[in-house]
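Per-chain residue numbering starts at 1, and chain names A, B and C are given in the order in which the chains are listed.
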Amino acid sequence: MQFLLEQFGVSVAAITGALAARGKQVDLFGVIVLALVTAFGGGTIRDLLLDAPVFWIQHPGYLFNAFATAVMTFYLVRYRELPGTVLLVADAFALALFTMVGTRKGLSLGTPGSVAVVMGVITGVAGGIARDLLIGEIPLVFRREIYLYATAAFVGASVFVMLDHWGVNSQANIIVSTTTTLLLRLAGIRWRIALPLFRPRAADPAAGGRN
Amino acid sequence: MQFLLEQFGVSVAAITGALAARGKQVDLFGVIVLALVTAFGGGTIRDLLLDAPVFWIQHPGYLFNAFATAVMTFYLVRYRELPGTVLLVADAFALALFTMVGTRKGLSLGTPGSVAVVMGVITGVAGGIARDLLIGEIPLVFRREIYLYATAAFVGASVFVMLDHWGVNSQANIIVSTTTTLLLRLAGIRWRIALPLFRPRAADPAAGGRN
Amino acid sequence: MQFLLEQFGVSVAAITGALAARGKQVDLFGVIVLALVTAFGGGTIRDLLLDAPVFWIQHPGYLFNAFATAVMTFYLVRYRELPGTVLLVADAFALALFTMVGTRKGLSLGTPGSVAVVMGVITGVAGGIARDLLIGEIPLVFRREIYLYATAAFVGASVFVMLDHWGVNSQANIIVSTTTTLLLRLAGIRWRIALPLFRPRAADPAAGGRN
């Protein structure tokens, strides 16, 4: 069951990775790379940080899935438009799923709760950040029109850690924490809920940055 | 022999890394960083993914080579132009060599063939991607005028895995797979062969990306 | 004592990371991510390269520090401007400290001196590079107006390796090498000392890059 859900998450992430090539001059291979980076980026960084075997090296089935999804998306979009709403919901689901998987893996390897939350957020959002960097865009996480994206992952991961700490059954925890992230993200999109923006008192460029 | 070839590949990659500073305001140190990132980026990511010791940490000779090459390039270009054709061919050779080395290392550490191919492609192209990101350019792999670059690496790596699977002698395999990547890349440049571009039916920005 | 110094370095780096959001449309979560990436980026890459446990996973205290610093900076800048000079000096101190810590860790894990120097420079500058990439700016290291930044780290790290090789007492070495980096950086800023820029003889775009 979890295997199926993860494969679904990988497929959705691969599709959003491939679609990021819209409006760019990217060839088939570039689309495949974008799909792989989006689907595996977060989990790969998590596994490296935790010194765990990288998941798609251990289970190449994920690799075939993302590869095939990218090629199919590449050709499919020539004939059909993908409905935006379906994509948004599917993407929110992938975010929620990846976050839960990452948090769970962190805890199962014995990291403290705070680190497990960071692992969950990284698993959820790092692939999308890497994808945006590769195509020369400022990552979504650092743009204005982002409605509870990483924040939803952070809350969902925290819920998982807390319920786990309180001894809640693992299956129940998976459902509750994934749903938390998913609903928060969807509510953010629906009602345009966003965190406060960074507003320094004076835009003094001389003091900015690390120079 | 393979050691010499690899040092040659590192030198060539360091030169292309240094030359990426053309038209930018980069100082000597920046040029050295670009050279190191281009020469070691792909192999470093590969070794981290495979949980193998990072090659240039084990053998600092590579470090000295890339460092010296970068400094020499930095001063040499003030007096002489480097012929573009020589560079293109040398770079294609470095791509072919790095790809073969990466694929071989993947297989020798017991990864499945599909993962070994990915390792080969990463070793071949990731250094150049990192270099392009650092200087604020969209990586070559995601630009239009790319003629069988990562694709040539993919085919060369696949040839290596297949021949290895069929029990072909290692030396012969090294030569055949490296030549495959090299010739494909050169043919791509010569006859402007490219993969098909990503062409969605309608450029509907509302549906694009992971937001 | 070293623990306190490192926490101070993490705080300073987190502040410069948060302040990098000036003039961008970044929300609270984005500011936290920028702070964490700036404070932990270099040390994380170093630990991954050395196959050592990642320092902030082992000691989540760093995580809380950077997180709290980012949130405080986020709200503080609404009411007070931070004086640019204080920031510059604090940042130079963080650079010097991180470089020394990275070099020392490299040597203590048995790497050759040349590799330890690279570890020191990476620990000192990689966090800032990652931060600049995330907000879509060309990293400082590759811009003109950089006065002995990575270069100061390089010299400080080399001093540490040399003194260590000559058997100098560890405490004395920490002070001397950190001071070397710090003074070099401050002198660079004060008198606008910079390394020579990359100046190819002819700006021949056809020959440039890895294409």
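Methods note: a contact is a pair of C-beta atoms (placed from the backbone, for glycine too) under 8 Å apart; a residue touches a chain by one contact, two chains touch by 3 or more.
What you see is a predicted model; the values in this text were computed from it and never measured.
Asker: Chain touch graph shape: choose line, ring, star, complete or other and state it.
Answerer: If you draw each chain as a dot and join those that touch, every dot ends up joined to every other.
Asker: I'd like the angle of the rotation relating chain A and chain B after CA superposition, in degrees, nearest 5.
Answerer: Rotation angle between the two copies comes out at 120 degrees.
Asker: So how far apart, in whole Å, are chain B and chain C when each is placed at the average of its C-alpha atoms?
Answerer: Those two chain centres are 28 Å apart.
Asker: Out of chain C, which residues touch more than one other chain, so two or more?
Answerer: 48, 51, 133, 146, in rising order.
Asker: Which of the residues in chain C end up touching chain A in this complex?
Answerer: 16, 18-31, 33-34, 36, 38, 44, 48, 51, 53-54, 56-57, 60, 63-64, 74, 77-84, 87-88, 91, 128, 131, 133-136, 140, 145-146, 149
Asker: Quick check on the complex: what are the chain C residues that touch chain B?
Answerer: Checking each residue of chain C against chain B gives 48-51, 111-112, 114-115, 118, 129, 133, 137-139, 141-144, 146, 150-151, 154, 194-211.
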